[in-house]
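First chain A sits with chain B, and in the next complex the same chain sits with chain C.
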Partner chain A sequence: MLKILIPSMFMLLTTWTSPFKQLWSTILMYSFLVATLSLTWLAMPTDTGWFYINNYMAYDPLSSPLLVLTCWLLPLMIIASQNHLAEEPENRQRTYISLLISLQIFLILAFSATEMIMFYVMFEATLIPTLIIITRWGNQMERLNAGTYFLFYTLAGSLPLLVALLIYHSSMGSLSYLSLTSLPLTCSNLYANKLWWMACLLAFLVKMPLYGVHLWLPKAHVEAPIAGSMVLAAVLLKLGGYGMMRIMIILDPLTKELSYPFIILALWGVIMTGSICLRQTDLKSLIAYSSVSHMGLVAAGILIQTPWGFTGALILMIAHGLTSSALFCLANTNYERTHSRTIILARGLQMVLPLMATWWFLASLANLALPPLPNLMGEIMIITSLFNWSFYTLILTGLGTLITASYSLYMFLLTQRGPIPHHLILLEPSHTREHLLLALHLLPLLLLIAKPELVWGWTA
Partner chain B sequence: MNPYILTILLFAMGLGTTITFASSHWLLAWMGLEINTLAILPLMCQSHHPRAVEATIKYFLTQATAAAMLLFASITNAWITGQWNLEFMSYSLPTTLVTVALALKIGLAPLHAWMPEVLQGLDLTTGLILSTWQKLAPFCLLLQINPSNTSLLLILGLASTLVGGWGGLNQNQLRKILAYSSIAHLGWMILVLQFFPSLTLLTLLMYFVMTFSLFISFKVNNSTTINSLSMSWSKAPIISSMVPFILLSLGGLPPLSGFMPKWLILQELTKQSLAPLATLAALSALLSLYFYLRISYAMTLTMSPNILLNALPWRLPSNQHTLPLAITTSLTICLLPLTPAIITLLTL
Partner chain C sequence: MCAWRRLHGSVRTLRGSLLRGCLSSTAATRRQPGRCGGLTLCQRLSTGGALRNDFFKDLEDQLAAMRKKAADALPGSSWMPFEINPNLPPETADIVIVGGGVVGWSIAYWLKQKERLPRGMRVLVVERDPSYSRASTVLSVGGIRQQFSLPENIYLSLASADFMRNINEHLSVMNEDPVDLQFNHSGYLFLASEEVAHIMEENYNTQRLAGAKVSLLSPQRVKENFPWINTEGVALASYGLENEGWFDPWSLLNAFRRKAISLGAIQCFGEVTDFKYTTHIRTTADEEQLETRRIKSVKVQMPNSMEYQPVECAIVVNAAGAYSGKLAEMLGIGRGPQDSIYGLPVPVEPRKRYVYVVHCPDGPGLDCPLLIDYSGVYFRREGLGGNYISGISPEEAEEPDTSNLEVDHQFFEDKVWPKLAHRVPAFEKLKVTSAWAGFYDYNTFDQNGIIGIHPLISNMYFATGFSGHGLQHSPAVGRAVAELILDGGFKTLNLKRMSFSRIFAQEPMLEQNIV
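For the complex of A and B:
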């Protein structure tokens, strides 16, 4: 573990001391090396046990797919950011890369934390580099509002979480994950215990996001530069899901009744945000709302607390991370050519950029959960476990799947098919870098078809 | 100012605080506080500007009132218990009166109204002395008395965090923002005073380090409004890239050191079964965070339209002595992993 963490920390040093001409290649190579080394985390000799590194860091089948996703994403972010940062002064380029690397360090520490306060500190720590990336390097005036919404929604949810963790600590004595399974809080039916339950979950529900508290996400995703959107969609939302899965253990008998409204809200959110996607004119906003929709399904799967629910949630998180990040990269290829996010401004692109249309096709298919991709596996497992809980959820989830398929198809048809408008005939051809970026996103997704046990979590 | 006069005044300020620190007799403690107040008055009005003189008068009046209340309380205590010792105040009237007098001295809500107006009239260095050094002597006394009424300190603390948060929201003058930030932090210090006094001391010292960095950063840019901070990227690029971290540390975001006092205070409050109070105090910190974030937007994260000529000030050599700023900024950002060591140091 330290073989990955210490090199990541020293990547910061490399950023500031490499010669400027070799900066991007050096950092790219370094981060790919770290990403390749991180693949060793996927090898699990035992099925459900923890692998301890030291007293403070460990990983298990739940956190190792997320850790690998985090490490894999850094080289992809570097590839994606290379173009739009090319005109910036040298020190600003170095600062941007340092922000991305520090985000990775905090995320590795968050996913491998063994103690909940360490997880909390790192969960909050990821907010600062993301805030700076969004507000400093975003492209429109609304980015300041987006940064404020992002920071305050997340903090307003997570400060009660801190107090709830401290309450648990003062009554149970320890917040280590290892002891959480054997120390559930014995609770009577006091109203205060219900508030404590809510405080534990609110931070993660805001981060996921749940439908009612999701307003920060479209703003943040849209205003962020490409690396910001990628890391937000791929990993930071999964921090919420991961935290929820970890903390469910101690919330036990209260969750049976208290989770009811949140499951319904999550499923309703799947339909609502899917419908909003059908009416979007802004491409990045469409992808952002599609993220809310998928994560609503993840939230419902986690709140159901069955093995299939958890497994489905984890697979869907990993698959959605790769898919959503790929879609944002595709949207960015449009943005770098037309400097606009309006969908109808860049349509009919299959005529001009046929190979990019292949990637659009694959990414849209992944988004609508086509078999045999892991997206479908996740969704099917969650839908099945929800059906097992109550038959009527099938109406909501079935409708949600239908709407997901229709907006994914809508996005693909609108951007790729149809006659190409005259102002786009002279578009810059696709760079090899962009093809590499999308291949690196979609190849792991395709490879996961062959061995989904890597990302199944505890039920391996 | 004449260097001899400056020396005498600074020496007298130090003497006043030291006398209060070293005293166990109420009269001597009061004397130290009065010497401290009188010594800073010439520093405050040294520019002879009407606004500065107004600030000086307001400061003098409030501090004199507080000192008189303190003297009255100690005389009452002497009348009731027959002794003048600091630690042996066991009756509620003198103890409450002393607490309220010291609250007026440091500027806790609801006795905070003088603080923004006084700070606004001073230059940044004197404002720094007012926000940091002048709080030491009253806190020394607060740490030594046994509070009679549990809820008094909690009300003072919670009101201060809320007032400090809401009051700073509508400001664009940096000194008023710093005053409200001071009120909010003092609220946090008072919240935990009766449960774990070492945390009060920790919060006080962390606040000193953080606010020192902020004041000196503003002084280097010679700016007193948010708008004038927007040119700091061209005067001192490194300072303007560090200030967001100082501001977020003041707001209490992990992993910066400003999180340390807030975390420990919340832990202590939850141990004392005051969890709703802890949640309210934590959420009130978000109010302050909003205007800290606004300052960092103006200073670092946006660039206002300007001509090319104004991008050159950093090329000129500067005579600023920024070593203390470098040290305190590093402490403001990197001190969180040392929390166990710092707790041990302060609970010895």
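For the complex of A and C:
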């Protein structure tokens, strides 16, 4: 564990002391090294149980896929940001990279925390670099609005969580993950207990996001620069899911009744946001709403509290992280060429950038959960466990799958097929860097088809 | 002394108001010192304010102010913590249309019309003349005809006439007045002499084939229909029966503008002074190096100010009319070595044309088409009071100076009046009541419009160079450019021949006119 964390911390130092000419290559190689080392986390001799480093940090089959995803994403973010930061002054480039690295450090600490308060502090700490990235390096004026929404939605949701954790600690004495399993809060049917339950979950539901509190996500994703969008979509949303999975243990008897409205809201959100995707004119906005849609399924899978639900949620989180990040990178390749995110102005690109069309194709297929990709595995497990709980959810989830397929195909066909407008005929050809970026996104996804045991958590 | 007393008085009132629980000192409370203690020297001479301090009314005002401030600061509103000049264009736009004349606004309207979802694209129209005092659109005579020799021009005019006849289906806005173009369907009457009569016949056939309702008249028929014409020297005449006449260009411009803005287009008054572009060097099939440019952003300068705003954009449409050539020069077109592709400028430049308003009470009267004589002179009725407007295109060698819009009245005496009076004897007795001058966006290459992308600038569409037909073709040209941008090619009218390729191949597409 420390072999990843300490090098990450020292990557900060490297950012500021490298000679400028070698900055990006150095940081890229360094972060690749860290990412490769992080793959050792996936080797777990036992299926359950924790692997300890010290008293404060540990990982287990639930957190190790997310940790590896976090570490894998940093080199990808570096590759993606290199072009649009090239014109900025030197110190700003270094600052940007430092923000990305500090984000990774906070995320590693969050996913490997053994105690809920540490998790909470790191959860909040990730907001700051993300906010700075969105509001300082975003492209449009609306980024200020987006930053405000992002910050305040998440903060307002997580303040009750702090209170709830402190209540639990003062009554039970410990918030360590080890002891959580044996210390559920005694259930007396006080209204206050139900409020406490809600307080525990609200932060994570806002972060996921759940459909009713999702407004910050399209704004933040659209206005953020590419690295910001990537990390938001791939990892920060999963913080919410991961937190929910951890805290479910202490919420036990109450969840049976109280989770009902949230499951329904999540499933309704899948359909609603899917339908919104069909009406979007802005490409990044479409991908952002599709994130909300997939995360709705994840939220429902976690709230259902069955082994298959948890497994499906975790697999879908990892697969969605890679897919969504890949789609944002593809949207960024469009944006860097045409300086516009409007879909109708960037059509018929298969004629001009045929190899990029391959990546678009693979990413769109992954988005619509094509077998045998892990996206489908996750979705099927969640849908099955929901069906087991109640037959009628099948209507919602089935409709949701249909709408997901339609908007993914719509996005692919609109951007790649069709007549190409005259102003796109002389578009810049694809760079090797862009191909590398997308290959590194989609290759892990394809490899996971062969060994999903790596990412399906301690159940199954 | 007086100030101390006043201060003392105000402290007393503040304490008093604190006791009463006022939230802050309003103007009413601040005026108390003048009345406290009867200090006549320091009494404020204000005449406003409540005589009695109404606590509840003040409270209500303050709460309303606080509510307004809170509502402003909430994320949903457009309140910004720092002041921005509201006249600046947005920082980013999808399509920037340079030129707010009738062609520019027509393109903006059609782009907004064709986007399938509302707010799908951001269309910005940049116009540098807020009063439109020098714009070619409003200074135009406003005629529309189908009597061209090129099928493209005929189709453009037919489509535009159809659009304008049903203008309220297209351009009406809810809760606003309907559009009235004052379209006089009086038709065009071309008079041909013996030498050019055959051209007129050929054109007539082309026009009929294209669907224009034109008729050929013999001089006797002309004399029967229009007795005030002197048919000496006239061998053949062609008269447009439908879809020809004149209309009010300002109404059309405003109709397009109003509708486009209601659909979401953004208007900005400013001048485009610079472009930021990226350069790419490619190898052509003949192993040559070709340098193409792609516009990244447009620098819009505010009128009479040093302020400017760079607008990041995906596409730029050059609808700048007479100044299209100068706009293209900012991108380097025309400034390269003479014999290369870079040295070929966009062949559009301003040409000044005079229009004279004359009053002739014994003139042709109401039944008066837009008459164009083979000598080049033209006139049409203006209004119902016996006024006519008239003009003539000057010779190539005598082109007037284009640095200003001053009218040369001698030109009327020397060139226009004699020919006018010859053709219509009633015009021997007339009085010039006013005159104006306007610029043609004159295409020096072949006097026909250029629609399409320039081969060297990857994302700049041109819709310019119409040389006097821009207004009458504007609705159809707008639709054509919108189809090019959004559909990837022409859908309703095939205007491929009007692209830049004819200029680079040096094959002019000339009109076979009788004038």
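Side notes on the structure shown:
As a working rule, the second predicted complex is superposed on the first by the 459 of 460 C-alpha atoms of A that agree within 3 Å, B and C clash if a C-alpha of one lies under 4 Å from a C-alpha of the other, contacts with A are read in each partner's own complex, and residues count from 1 in each chain.
Note that in this section contacts are C-beta pairs under 8 Å (C-beta built on N, C-alpha and C of every residue); 3 or more make two chains touch, one makes a residue touch a chain.
The shown structure was predicted, so the numbers you read here are calculated from the model rather than taken from an experiment.
Residue contacts after overlaying the shared chain place A:Thr148 against chain B and chain C alike. With both structures placed on the common chain, the touch criterion links A:Ser170 to chain B but leaves chain C unconnected.
Legend: residue contacts after superposition of the two complexes on their common chain; A:Glu124 is shown touching chain B, with no touch to chain C.
In the superposition on chain A, no contact is made by A:Ala86 with either chain B or chain C. When the two complexes are overlaid on their common chain A, residue A:Asn139 makes contact with chain C while staying clear of chain B.
When the two complexes are overlaid on their common chain A, residue A:Ala43 makes contact with neither chain B nor chain C.
Of the two partner chains, neither chain B nor chain C is touched by A:Leu190.
When the two structures are aligned on the shared chain, A:Ala450 is found in touch with neither chain B nor chain C. Within chain A, the residues touched by chain B in the first complex and by chain C in the second are 144, 148.
Residues 91, 95, 106, 120-122, 124-125, 127-128, 132, 135-136, 144, 147-148, 151-152, 155-156, 159-160, 162-163, 166-167, 169-170, 199 of chain A are the ones touching chain B in the complex. Residues 139-141, 144-145, 148-149, 279-281, 338-340, 342, 344-348, 418-423, 425-428 of chain A are the ones touching chain C in the complex. Contacts from chain B toward chain A in the complex involve residues 237, 241, 244-245, 248, 253-256, 259, 263, 266-267, 270-271, 275, 278-279, 282-283, 285-286, 289-290, 293, 297, 300-302, 336. Looking at the complex, you find that chain C touches chain A at residues 75, 80, 90-92, 94-95, 115-117, 119-122, 280, 282, 292, 294, 296-297, 312-315, 452-453, 458-461, 484-489.
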